[in-house]
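Take a look at the following structure, please.
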Amino acid sequence: MSTLPTNSSPARRQRLYNLKARLISWGMIIFCTCVAALAVFCLFAIFGYIFYRGAEYLNWNFFFHSQASRRHPSAPSGAANSIVGTLIMVGLASIFGVPVGILCGIYLAEYSRDAWFSHLVRLVVDVLAGAPSILVGVLAYEIFVRRINLYHGFALRLMRAVKMVAPFVAKGDPSGWAGAMALAFIMCPIIARTTEEIIKLVPAHLREASLGLGASRTQTLFRVILPTARAGIITGIMLAIARIAGETAPLLFTAGGNNYLSTDPNKPMSALPFEVYKAYQSPPRPSWQHQTWACMLVLIVLILIFNLLVRFVSRNKMKVR
Amino acid sequence: MSYPSKTRLLTSVAAILAAGAVAHAATDIRGAGSTFVAPIMLKKWIPQYEKTHPHVEIDYQAVGSGTGIKDITAQTVNFCGSDAPMTDSQMRHTPTAVLHFPEVAGPVVMSYNLPGVPPSTHVHLDGKTLANIYLGRIRHWDNSAIKALNPNVTLPHLRILVVHRSDGSGTTYIFTGYLSSVSKRWKQHVGQSTMVRWPAMGRGGNGSSGVAGIVQKTRGAIGYVEFAYAMDGHLPYALMVNKAGVPQKPTIHGVVVAQAALVKHLPKDFRLPIINPPGKKAYPISGFTYLIIYKDMDYMRSHAKALATVKFIHWILTKGQNYAKSMQYARLPSNMQKRLIAQLKTVTYKGQPLLK
Amino acid sequence: MPNSIAEPPAPPSGAAAGTLPAPRRGLVLGKKADWTMHALALAGAAAMLLLLALLVGMIFSQSLPAIRRYGWGFLVSTHWNPVVGQDRYGVLQFVYGTFMSSFLGLLIAVPVSLGSAIMIVRIAPKWLSGTVSFLVELLAAVPSIAYGLWGALIMVPWLQNHGEPWLKAIGRHIKLIPVGHYRHHKIEWFPANLVHGGAYGADLLAGGLILALMITPIITAVTRDVLRAVPPDLEQGAYGLGATWWQATRVVLGYSSTGIYGAIILGFARAVGETMAIIMVIGNSDQIKLSLFASAQTMAGLLANEFTSTDHTIYRAAVFYVGLVLLMSTLIMNTLARLLVMRVTRRKAQASGGKRAGRNPPPSDGPPKTDLGPAEAYTA
């Protein structure tokens, strides 16, 4: 090619450049597809293994019997106690965690005009999202279970007075409430973080158009911004729920575990990951191994069903996009 | 139109919760702790006891001895199961005095992974050698010290991987107690505790199941686990040379003999691991698993609850012992049982003894 | 919460950008509602501050004895001996284990998750993108104890028997920089020393891999949402200027860089705080050894392992001190990351001349100026 006249050099450089750009482009397409395939493969490797180990031990007894039953001491043992416990505690945690998390996210994205304060809140949310769950569990333990050092005299009487409103200020024992609050603590920053990121990505012209048409800020928030960001916010909530449903460490001290079926959050409660942990720690007798894998499978299937449900509900409303 | 349905959802959740909050009249007792005692506690003792005592509901959570001790210290459970007695400093942190009740005993087993050595050929080890392995002074399986103990076994030239518990554990307490009793160097540099600074760099397993898992999968590994983990996990285990110089298999009988030899030396509060007892048939490393309660049960705020707890412990110490052997535990010697029941009679509620 | 929300308005695609629905009676939200909403949002933010204040206060007060006795020396000491009477504590090896494993995890997870997110949003046909994104979300739903069990039972034995011997066979011959001496005066070479030591499986490499597996779906899911929210005119503008697919993608990535940094920070935070899975695979020994095949211990792992066995005051305080160091290091990391994001945003703002460029740059604000973009190529 050296015979070509020098004045064609820019065109040649152009062609070479285009070729290079296209090659890189194709390379990146292939790379992205490959890594996505790798991620999906890992999913199947893990899920496949859990399904393989768990499915052989699953039967109806597992769902309808507790680990121990007072009326039928010889009944087959199952995990009804921990399934119910997980559902109740995650539900209670969401009632507290989701609104607080979303409100904080909205604050960060919409109202944070004081620069230093919003930076502080953002930093705090990040730190909380990274705090190890066991420490959060210890905090919930100190507040809701031990409480001896926290509430004295008047404070204790006040707490008892509001017991009707907040049942979790019962006497200091491990309880479903304490476990739920520990989970809520973990949930809030995750939701706040994702909510903020998503709301911030709502294009400014949508917001400006709404305000320009005379809508108030709150109207704009509820009619324009939140609906547009809904899918992302729901993803954030799902991620948070998936995270807390699988948490073991914070429940160890707060929920306490219960081998009997209990639906009263004032009493100790069990949860699926908690049972998995207990069974894993126990001597490798066959029945305990079954418990480990079957509980794990049920936990994952529960989360799966929940994911599908949320997806279904949110899809019906998402007529656009 | 999504929000009304969400409100309805919340209402129904609240309704379910309210429906669940129906109290029942039974006396419920809560215990937590040791995983080692969980099989007999959950499969035999609690179901059998509840059969004959229909008004009592006992819940035991096998969350580990450490968590159990933490719970009993904070008085959030009624009794605690622990594989090691509470240490002096732990007992200083409890609000009032606690009592230790040995329930059953079991050996601590040295299991290993040696490719080429069939599981029926048990490697023999003695205390000195074991201490040197855990000190990192013996690095290979074909070391002359190990060879001298095993003249009939062809040992491979393989790096020894020392496996220990990574979490604080009663088993570690028993094991390091044994090493301290047989090796001065260990006593000086490491000592006895539920958690120590391991001199030889190896691997830490979370829980006995973690240790058993690493030993099972790693060539050249050696680790200490409780009896049930080695037996049920089909791990090869070493014969330990006892004080009389006889290599002894870790068996229930070996522990029973060891207990009988040590029972005279047991202190008043029973806090003593069964380490290096005399006797040709005794297995050198074993320990009781304890049930720990408060001497003064006022904190339970219910006479019925305190009485039920004490009665359950009385049953474990007497009738409950008959289930020990079938579940692979060593039962208590009969003279020790008498001492324990005498100790149980000192438990009080509002100043009054609960048992007469 | 208002009890009704009308049809959501058109998304940025602008398919049916109509007028806003007429406000309903009872929902005429005036100044008062604005004020209430602002106050509520502020309360949400304040709740977070309170939570962190409680957490820090609790940990700090519990760790006070150790802070008094060891002070700053705790941060640089590598001695951890909890036996009564021999007490000496230091955190450095756990800091090393934490950051090494998390860094390894990020090293693997960031390219994989960015690639997956791009594939979901910009390559895959609609049906495939929906499926893959759902599967990735499922991966995020797997509890950490499941990762731990899978890692300990499947991945660690595989690493021990296949992965690590293979890595070692290749890696030990790559000798670029001499960094020191082993015993017996053998020279320690830089990349080769990363695979030094016995390949036992339960080590830093296993920890890094399991962390990568755990944070990949998180980073992917958030990045995917961030990329989806990018206005399509950006991409169309890039194509209109003759950009290739990758060049257009870089425009999109540049636009959403803040969100992507956020996703990565989220993943990193998760990796640093991870407990259950990591203690099952990382080998739990307190040492600093620059090798992928050396076992280590993380700060969160130490908390999980030793928290319940703290039998004397100073030990308990030292464990809480480790918790404090962990919290503070996440604080420092986050501050650094935030400063970085701020700098990037400001630079972009200067480049485009708009004040809110980070949020909504003009479409022509293409890839960074370091390489010859297509537009410049034509004029060259």
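Each chain gets a letter, A, B and C, in the order it is written, and its residues are counted from 1.
FYI, contacts are C-beta pairs under 8 Å (C-beta built on N, C-alpha and C of every residue); 3 or more make two chains touch, one makes a residue touch a chain.
Given the structure is predicted, the values throughout are model-derived calculations rather than measurements.
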Chain-level touch network, classified as line, ring, star, complete or other: complete
Chain of greatest Cα-centre distance to subunit C: B
Top chain pair, ranked by how many C-beta pairs fall in contact: A-C
Between subunit A and subunit B, centroid-to-centroid distance (C-alpha), Å: 36
Euclidean distance of C-alpha centroids - subunit A vs subunit C, Å: 16
Length of the line joining the C-alpha centres of subunit B and subunit C, rounded to whole Å: 39
Residues of subunit C whose C-beta touches two or more other chains: 2, 5, 153, 304, 307
Shared-contact residues (touching 2 or more other chains) in subunit A: 277, 280, 317
Per-residue multi-chain contacts in subunit B, two or more chains: 2, 64, 67, 70
Touching residues on subunit C, where the partner in the complex is subunit B: 1-5, 79-86, 152-153, 156-157, 160, 198, 200-202, 279-280, 283-287, 295, 297, 301, 304-313
Residue ranges of subunit B touching subunit A (in the complex, touch as defined): 2, 10, 13, 16-17, 19-23, 26, 30, 32, 35-36, 38-39, 42, 46-48, 50-51, 54, 57, 59-64, 67, 70-71, 74, 76, 207-209, 212, 226, 228-229, 232-233
Residue ranges of subunit B touching subunit C (in the complex, touch as defined): 1-4, 7, 64, 66-67, 69-70, 86-87, 89-90, 93, 159, 161, 166-169, 190-198, 201-206, 210, 213-214, 217-218
Contacting residues of subunit C [partner subunit A, same complex]: 2, 5-13, 15-16, 19-21, 23, 27, 29-31, 33-34, 36-38, 40-45, 47-49, 51-52, 54-55, 58-59, 111-113, 115-116, 118-120, 122-124, 132, 134-147, 149-150, 153-154, 213, 216-218, 220-222, 225-226, 228-231, 244-247, 249, 256, 258-259, 262-263, 265-266, 268-270, 272-276, 299-300, 303-304, 307, 323, 326-327, 330-331, 333-335, 337-338, 356, 359-360, 372, 374, 377-378, 380
Partner subunit B, residues of subunit A touching it in the complex: 67-68, 70, 73-74, 88, 91, 95, 145-146, 172-174, 252-253, 256-260, 262-266, 268, 277-278, 280-285, 313, 317
